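This is the structure I have questions about; it appears just below.
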């Protein structure tokens, strides 16, 4: 069998009859073999959301003609839609500060073939993690952030991102808040890991907040970044049990494992085009 | 909007192109609104498995004509298939011995509307739980089992089941092993809860086995009953953490919660026609 | 061996050397056999907290002399302390509204011997659950609550509780907020189950809030009731995974299982005298 | 406050009165401040097991005299006991084959201060992971194993371990079975990670076994190595949910996360002297 790429359609529209049938039929009519098809109807919102993935091997349309061919049907059905190809790997930048655990985790998972990303650039407000970048052969740029220079530095960062055609940003415990303007220019393309079970303990030092409140579980949340701090659409969450024996340092230690797992799970779902954002929520087609 | 029932198709066949499209098209052509469609391809087995559910409200075929109408397509595609209607509730019998926890759990969930079952009959080898049956208004029959009378009693039980047209049997901690003949006459229609994480600790007294092995988690497994003891297709499993502090009695106590949850989850999936058995495995379309 | 009761000491004091030794020595000197001894040092608060349980069988002090005998040591060590006996079962009242699941769960666990409580009274603002009370042989009293009559009704409720010497109140999905005065007269003796992972989604309709926020896990929290709504010391918490497929009704259904488990776990810990409150937190000596 | 080490006693003996008191009193009499004291009574085995940790700062006995000073009491009480000091870090060897995930995880946790170990040597039957060893500055030795040369190579390995005074061996997905003789010379000092929820799926290729059985959870187990394959005392276990969608490769991927977490948790407990082995079970004093 010829190794081949897959095409993936992510779509949403007001719900109506025949959507699954018509979309499936489009693929079948062009000799496509559907590998995964999943949809969801949000009854409250009256919204239809669908993901379909098919093998391009044997598909009668060349990949650069699919867009044009699908457009009439999409228009008829009133679809918001995006077409992806599994072998088009987005160029990504990872933003870090001083913590290495999420960074290492992403780089090792990538090397193990778990993440369909192309980590092209590491950006940090500190020089500390440069040697990790180097040992994995990734460019590392430092942009120190102060209150006064924040806007100016973000302009420089955006410039570097644009030059390299970066499409996706992963905040792997980046300890700076991005400006509204920056965030909006990467809508649904900045993934953050917050070290709490949101919406509990948004903002700074959530482990300290958790310790003081005396919760019996701590969490981590990966979400798309929006202008509202820690308020964006949630992609993945998990928790771990803690007891009175756990000091604040133990929460940080246990939390590191959660942060790694949750960020990796969210990023993998994004990279496999399994995530659809609508309103302030996500559908994750696993 | 008229309250209405749904139709559900569960299908499997050798994998080939166009299955999703052709099946969806059949429903759409007859004005059906697909509510859920989910499929799975087992690449190793080369098998396609699908579940599709649509609203009968507005569907152009009367429900008793769907079978005939779908048959030609099913034959063309080589499908094994079953058609269900969400308002056809199967008559079910619950088999119990002396433990009340799973029984109570099922009856209360049923009353809360969680289980689309019709619990018509309680069968036990002991009289102990009769009062529970009575308080829920369900018939209770006692068939004491001894080694010598087992076969004879099973014949009588089957007779009662047949008279009442029982389609589904739930073993809610029934402490007897059914004979091969009995099991085979209810293929994939007997659901058991075993109080271990199968395949670990099959057979008698799994909590004692778990205690002696010193495991750090105990489990429960709900599965279809086959002739091989505790070897049938698994529908649901879960575990709970235990420590050295847990005595054998604590394992039993903690295990009760697991048994209730896992049996209820498996039964609910079965009743919602989400479970497809193939080989000795299940697909659960949640 | 004579079946016998145990004594349990729950203590806290500023941390200093020799606390474990001196307390253990007191028990040993009087021929007590320590069954469980557990302590915790909160380094930030400089606080020592301890639970010790010993067999009264063979103990040289009669149980009504232990208090006097221990007092000099307790004074020397600056202990806050309480002495309990495992066979002194507190009289308890369960408050409910219309939901039956937590109530049934508690009553069945009690019958199975899991909860060392004496459920003497059921209080509700609705008549709906009276038949459950009756089938378990427990008195059921209805006190309808309106804004105007709240204070007056609470006075009448307290009167009934006092007459029966109720020591512990369990709010098993009681849908009324108790007044500050009521709460303060039962300090650390009212246990509530809140259907969210606190501090997320405090207040009304947490499942709706969770649905709207798009979280990927829902939770339940059992805590002692204080004047601040949903702000009291947390005893137990747990979560369950949800997806976009779960409707608000599914969250309610899944949440019921959580509520039952978490309330039962917290209540059991309280009844076994495993919970020590300090500040707004708990130590649970499991 | 002077930074100081702690002393830890791990003990077991037939259960009798006064054990906690007498042991605590020994520490207190010598001006020790108990930080943690935890014990367990296995009622079936009639066995008392205890762990006590105290601050050496201010303790009146020099550390090299504690052994002699405690011995008379230990003899009187019939204790099996071991004394440890928190600043005596055991020299450890990690055995690997070709998988890097557990190795990297251990090395990074060590660098983050999570593991009180001294990783002195990496031993492998393959050269593949040499560069990781070098980047962390650890010696790497290759001993290719064939059926014929196994015994001979183990002799050479033991020689290298002895030369370096290695006290602890961690099998981080080492794909060779050690001989009985080797195992017995490191009793309770070889920690393995097995990629299943033991006792289910012992032996080779557990993910394949799990896939074929159709389980709904996969697990990992960390245990001390004994002569019986995958039969030694279990230290830690955990599981993760899988579905029919997970291919054998997905099980391997998900399992990697489990293996890392479970091995690290077990190793940390061992290094903090929290694990007591008795019979074929462990007590883990967390």
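Letters A, B, C and D mark the chains as written, and numbering starts fresh at 1 in each.
The rule is short, and it goes like this: a residue touches a chain if its C-beta (ideal position, glycine included) is under 8 Å from a C-beta of that chain, and two chains touch if they have at least 3 such contacts.
Note that this is a predicted model, so its numbers are computed, not measured.
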Discussion item. B-D versus A-B: which interface comes out with more C-beta contact pairs?
Written reply: B-D
Item to complete: Could you check if the interface between copies chain B and chain C is built from the same residues on both sides, meaning over half shared, or from different ones?
Response: same
Fill in: Rounded Å distance, chain A centre to chain B centre (Cα mean)
37
Fill in: Centroid spacing, where centroids are CA-atom means, of chain B and chain D in whole angstrom
42
Discussion item. At least two partner chains per residue is the criterion; list those residues in chain A.
Written reply: 245, 286
Worksheet entry | Residues on chain A engaged by chain D in the complex (per definition of touch) | 100-101, 104, 108, 112, 114, 135, 245, 253, 256-257, 261, 286
Discussion item. Residue numbers of chain C touching chain D in their complex, please.
Written reply: 17-22, 24-25, 27-29, 31-35, 37-39, 41, 58
Worksheet item: For chain C, which residues count as touching chain A in their complex?
Response: 40, 42-44, 197-201, 213-217, 219, 233-239, 243-245, 247-248, 279-284
